[in-house]
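Here you go, one structure.
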Amino acid sequence: MTDKFREECGIFGIFGHAEAANLTYLGLYALQHRGQESVGISTSDGHRLRQHKAMGYVADAFDEDALKHLVGTSAIGHVRYSTAGESGLRNAQPIQIDCAHGEIAVGHNGNLVNAEELRNALVQQGSIFQTTSDTEVLLHLYARSKAATPDEALVEAIQQAQGAFSLVLLTRDRLIAARDPHGFRPLTIGRLGDAYIVCSETCALDLIDATWVRDVEPGEVLIISAAGVKSIKPFARAQRAHCVFEHVYFARPDSYVFGQSVNEVRTAFGRQLAKEQPADADVVVPVPDSGVCAATGYAFAAGVPLQMGLIRNHYVGRTFIEPQQSIRHFGVRVKLNPVKSILAGKRVVLVDDSLVRGTTSRKIVKMVRAAGATEVHVRISCPPTVSPCFYGVDTPQRAELIAATHSLEEVRKYIEADSLGYLSLDGLLAAAGPDRSSYCTSCYTGEYPVAFPRNEAAYLQLALKLVK
Amino acid sequence: MTDKFREECGIFGIFGHAEAANLTYLGLYALQHRGQESVGISTSDGHRLRQHKAMGYVADAFDEDALKHLVGTSAIGHVRYSTAGESGLRNAQPIQIDCAHGEIAVGHNGNLVNAEELRNALVQQGSIFQTTSDTEVLLHLYARSKAATPDEALVEAIQQAQGAFSLVLLTRDRLIAARDPHGFRPLTIGRLGDAYIVCSETCALDLIDATWVRDVEPGEVLIISAAGVKSIKPFARAQRAHCVFEHVYFARPDSYVFGQSVNEVRTAFGRQLAKEQPADADVVVPVPDSGVCAATGYAFAAGVPLQMGLIRNHYVGRTFIEPQQSIRHFGVRVKLNPVKSILAGKRVVLVDDSLVRGTTSRKIVKMVRAAGATEVHVRISCPPTVSPCFYGVDTPQRAELIAATHSLEEVRKYIEADSLGYLSLDGLLAAAGPDRSSYCTSCYTGEYPVAFPRNEAAYLQLALKLVK
Amino acid sequence: MTDKFREECGIFGIFGHAEAANLTYLGLYALQHRGQESVGISTSDGHRLRQHKAMGYVADAFDEDALKHLVGTSAIGHVRYSTAGESGLRNAQPIQIDCAHGEIAVGHNGNLVNAEELRNALVQQGSIFQTTSDTEVLLHLYARSKAATPDEALVEAIQQAQGAFSLVLLTRDRLIAARDPHGFRPLTIGRLGDAYIVCSETCALDLIDATWVRDVEPGEVLIISAAGVKSIKPFARAQRAHCVFEHVYFARPDSYVFGQSVNEVRTAFGRQLAKEQPADADVVVPVPDSGVCAATGYAFAAGVPLQMGLIRNHYVGRTFIEPQQSIRHFGVRVKLNPVKSILAGKRVVLVDDSLVRGTTSRKIVKMVRAAGATEVHVRISCPPTVSPCFYGVDTPQRAELIAATHSLEEVRKYIEADSLGYLSLDGLLAAAGPDRSSYCTSCYTGEYPVAFPRNEAAYLQLALKLVK
Amino acid sequence: MTDKFREECGIFGIFGHAEAANLTYLGLYALQHRGQESVGISTSDGHRLRQHKAMGYVADAFDEDALKHLVGTSAIGHVRYSTAGESGLRNAQPIQIDCAHGEIAVGHNGNLVNAEELRNALVQQGSIFQTTSDTEVLLHLYARSKAATPDEALVEAIQQAQGAFSLVLLTRDRLIAARDPHGFRPLTIGRLGDAYIVCSETCALDLIDATWVRDVEPGEVLIISAAGVKSIKPFARAQRAHCVFEHVYFARPDSYVFGQSVNEVRTAFGRQLAKEQPADADVVVPVPDSGVCAATGYAFAAGVPLQMGLIRNHYVGRTFIEPQQSIRHFGVRVKLNPVKSILAGKRVVLVDDSLVRGTTSRKIVKMVRAAGATEVHVRISCPPTVSPCFYGVDTPQRAELIAATHSLEEVRKYIEADSLGYLSLDGLLAAAGPDRSSYCTSCYTGEYPVAFPRNEAAYLQLALKLVK
């Protein structure tokens, strides 16, 4: 299903392990859901950095030769959605450079809201940009810093960044992790024997059998070297603004993010949704895979049986040849298939995690009805998404968000559901953990924790330019 | 998970459609779960046959060029597990030949138990064999038939076959479907406008929006031509012997096979299993994807909540680079990840559809326990598999079937479960539909509906020779 | 340059070497010029045969894995031009089968003129054909033979073939080589230590450092086994009919075929051509690579300097993207580039080995003139090709042979040369070695040594059918 | 043959043509001999730049999709030898950036001897380097220039470069070509209709049917825009130092470089060599392809017949599987095959263009002798190469240059020739055109026209670092 917000990146770093590149490869494989179009790993052997980047899935992009080449005991890696076409590999991360402070590589999850201002200022000072990524700005700030030590230079650079950033950086002899003071995007710490690991989600720790330690704190810069771990907090304290959409959709259910089990939070969303938006129905059916947790909670709370009435097809190739004779709901049908024996004659509650443009939901509802459902009640386990995200998420502009421009009833009509119910913001935050003030909910409210210095139109124009 | 019986083939045929090749491609895509290693399509334009075969997934093996080349309004297609190495493409189907009765192509799901006898006799008469497949025998019998018409020749050939066969055949001007008199493997009929379709499962009809008509009956030969459909029943009536494992594991849950909804039957297995093998537990967790339906039924009947405590990773590449430092349960872990928040501190009922060697189950149980489960109760939604299948299923020999050589308690100990319970044969058949006598259950009973003319050792020696 | 007759196959066989597959791979690499579109190797380990076939160049189609899989101490291999599209790999050789006499594989260079008759008869007896190749006929004859021993069966089969055939065959314990009684196509014998080798040209022996022994004689069947080498001559003595075009164009200049050095014969053609068709010119320029030997001879005999005025581009990919703005002579220009400093202001003798349709020659002449040549005198080192070949060469039908339908002056005008001269048949034969009666010259004379049982139209219709 | 100096790059640029990308692709194809491992094209549509880079041959690396994406009427392209492994694509050119003066892309043939000094200074000022290429330095100088206009900034940047550089640069609305004041590497100008072209050799003009205008002059900067062509000469006049090795080996024989026909110069080398180093021989045989021109001249001047006694194999794949049983001269044999009928019993003059380490020559001499040559007289059409090149050529360090460390007689013994003769420096320069003082001959003399600021050891250490 492509009608979703898209997480833009997953990051991983490891320090002090003989198989640094190989474990980074596995960690990125576990984070594959956070970015599926390009992947890169940089390693350090204590003297110099090496790198391999490629388009495609982790398991395809790296073979034994590529990993063997990446010698060293420390490494960082990055998966991302890349923009289409020629700029793809150019913008893949880590970005790796040489400068006055030595070689450095960086992987970034997030988005700097003042990137354009910083870039313009740097360009005026004679800097050259080889990518269209906001991340390159940080490297220029680092390179130009007159600070006495690389660590100080790095802190100085990071301090100038505004917006959302979870970062892993690699130098000859250091692994650095940093997180913006609001903590928009997740970043967590683990250990494997003597080695240190930082990564976007705990599922990457699980795959390599590492132990979870704690999250990198918002506003914290961790410098990991042979001398040990140094924690710096160079930012003024700020209100936490964890992206609640990580719990709604982005993160893997077996991960813990922002200290909460994603599965538990997501299931709680479903339970709360059942209370707020009950439906007189025979069966609860999730839109797989993302709707499964919430549907489980919904079914449990509603006392209505959960059934896998839609099955996801996992053999989908990248391109699919469509017949000339049009097949109804073809685009959805090759990815999801309805189970008639579950749906036929039933009043169905269809649980999905979110609804963005509504185009896919409309096709699914039609397909479910064509499979014999007598009623289709759509339940969405988060509030209506009415505002774009400027903190590292790939969202359409406001005009394309159906809930921003249509009333609930209009949306219901458009997707041809018998009823439509969203989880309330209050319900969402109540279910998301003890501290409801720790979340960013700007996509539901339009209230942005970090001021975005331009209006949306200007930003989108910029984005267009950046995409190139 | 590779520790499963494996269906060996899926077949599809269409007659009288302008996009015959393209729809066959889609049909095979829907049947991909029945064979993932080679794929082939033959088409007829009324004058001659064309063919494309390749290794790999349907969506990768056929591009627009390949489909464009396959002109014609009738087509058959085949997906299969191929044997490794050099014989791969050689044994891919359809097998397409020219003979005295003209060109013909055949796709076969099943296994002829008298293939070796027929082959030996044919070889003595001067026939040459280019594949190691039992299917080629049928073509020789057809070619050598002195019957007056190709239709009669075909019937004459098929009559000599013993064992399991669901067949699609294509000649210049005919699509033929045939099913052995026991009806071991499924084969069903659909229509799309004026076109006729035959295929292994109804899910292939659904994808192309075709209408289901009925099953090809056991012992029926259907000859579809411009003159219409002719049904011939050249076999003596025989006891039905539908492969119950289609319901247990092979078929897609959204299909109907042998007239029953797979999802309904599979869910009923779970319900029955809960009655027969209850467990004092906190959560029911399916081994995905194959255990989901039964787990749903189990949870419902047991009144215990169903939770997706194991998540399947869908980015798995064909080869995976393992680190030198051993990671516990690595082989299972890259495919399944445990959700700690569901499993930790819980008494877990783990529902799987079948248990063959036990090796994978053992790893899963360990992994679930490592994720914090306090008890792990394994429930299998079919009886112990104690005998190999000779009717078109890839099974290990008896010595490798753990239930054939170990007591229930020994198996439980091996997989390190707190308890282990199988569905009874009676329970299985009761849940499988109104006519319990219509099923083949030889893998659970060792009672074979069609006498297998050699002992197992000889057969396996033969299989070895056939594999070449 | 594609406007050439095309040799259709190269063959290689080895018996009694620990690295049979690897040496076959190298031998085929040396024979790559005889067929560049598909390649295959069969090996025997004394018990059973293995095979790998693929489309493309030898060096691309076989990697270490493929060779490692081909265990055994005897092997045969084959390179060929395949027909385009779906039938490609299906018709690739060796064809490998199992039959009453055991497993056998065959590689064939040549063409059986009575293949259709034999095939029709076999089909009437119930044989099935999986390829559209005439070679499969031989295997059926072998399989059906009631002879007491495989060797006798093989001889019996080969005796029924008419036309051109140089064959390598491999059974469990034998390597067999056979050549038709006229000896149309080359086949020669070598040794490497204790191992025996048979192959199309001696250049394959040279690459693997093997020693040349002698040619397989026309009409000879060689059976090589652990018991030694047995020579059988089962055919009535026939007039030799070595394909003179092997010396004109097909064979590599460093090979010996039919007992003569190709380079020497080809150079002698050039010398003779200079005598017969002198030109008042400043420079002799070969059309590379095939015209180089003859041009060398021509230049020497004419006392005119030889210069490489046309250079062949060796980076040509399979497909080339042509600009929309037409570039003059683009098709030739990407393959050949004229050297202005050699051509400008010069009277040029352009030496090519043969001229089939004239289309490419016309482009080359224009390009040479555009490069500044004041006169272009085309000299062809063989007589006008006026008849198609039915003995294993890919030739256009008569109507497309420009010399068959146009006078010398018309051809000259068409290719826009200032003069055009062919080598005479007498001159060709005089230069081709001591025994001028030993050659087939049917493409120059229309006199066919083996009666072709149908008229050309029927044959071409057949060919069309065979191509499928 | 790998034992050669290697040209490192070919460049091409076009301004004002509707098919800019496609013609650049063709131009690079014609320049493929100057770099075969990576290729890139940047285009401008007047507003922004686009780029595609890839590893491999031009014809493989660009398909229609890639070209279609490269919209615009101006373009530059680059082919190069890349270093192995991970740094490959990272260092591919054109390098394309955004800076205060706008977007710019650059392709460079040559080597800046003061790159390290410039880089160190830039790094101190805060510049970051994403490649290890000296070319990136130029972009930083451009970006940092405070000059009033981009054109002035560009001139300012280029003025700081020392060493060898032929450059093409592309901005939004300009194509710039520049050549160092010594004119080490070639760069020439052509026109195609109204479009302007700059490229390394005239053969690129020939392929696209463009007209040659003149060379870019040493020290000239050409700025081509919609306003026309502006020529600037910002450098102090310097002694010309055209790389004579372009005539010896690098350039294609059908090109004109430095105003001379490569073929004519190269043939003149051969004639002069025959005068200086005669040999009592039966046949002159070139080492193909590079020795052909000189051999032609040698044969003509010596009155000894030229014969193609070594034939180059053009099907060589990138990797070749060698048998375990060692085959004599295998590495050379798969690339070159000796023609026994030419070599056997003959006194052979073997003409090659240059001799670097001697390892390949040694194998060739042995192979020629094994083919029956009674005497092998090696003649090299340039002087002994005794010094590495620092001006854009990939040469081994001095210690590996056999002529730098061994006497003539020692080299002769090593390569096992009966005699060995080099062309004298005087003879070389006499044959290279009217102005012998216009050439750089540092590889023969060790006299470097541009002072190299470090000693060789330091440079090679640097190169090692640069390669990363």
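In this document, chain identifiers A, B, C and D correspond to the written order of the chains, with residue numbering beginning at 1 in each.
In the analysis below, contacts are C-beta pairs under 8 Å (C-beta built on N, C-alpha and C of every residue); 3 or more make two chains touch, one makes a residue touch a chain.
These figures come from a predicted structure and were not determined experimentally.
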item: Farthest-lying chain, centroid of Cα atoms versus that of chain A; value: C
item: Type of chain A:chain B copy interface by residue overlap (half), same or different; value: same
item: Rotation in the CA alignment of chain C with chain D, degrees, nearest 5; value: 180
item: Chain A-chain B separation of Cα centroids, rounded to whole Å; value: 38
item: Geometric centre distance via CA averages, chain D-chain B, whole Å; value: 60
item: Where chain C touches two or more other chains, by residue; value: none
item: Category of the chain touch graph - line, ring, star, complete, other; value: ring
item: Of chain A, residues touching chain D in the complex; value: 48, 50-52, 66, 69-70, 85-86, 89-90, 95-100, 123-130, 132, 139-140, 143-145, 468
item: Chain D - residues contacting chain C, complex; value: 18-19, 22-23, 25-26, 29-30, 32-33, 36, 57-60, 62-64, 67, 203, 206-209, 252-254, 256, 261-264, 267, 292-293, 296, 300, 305-308, 311, 314-321, 323-325, 327-328, 333-334, 337-342
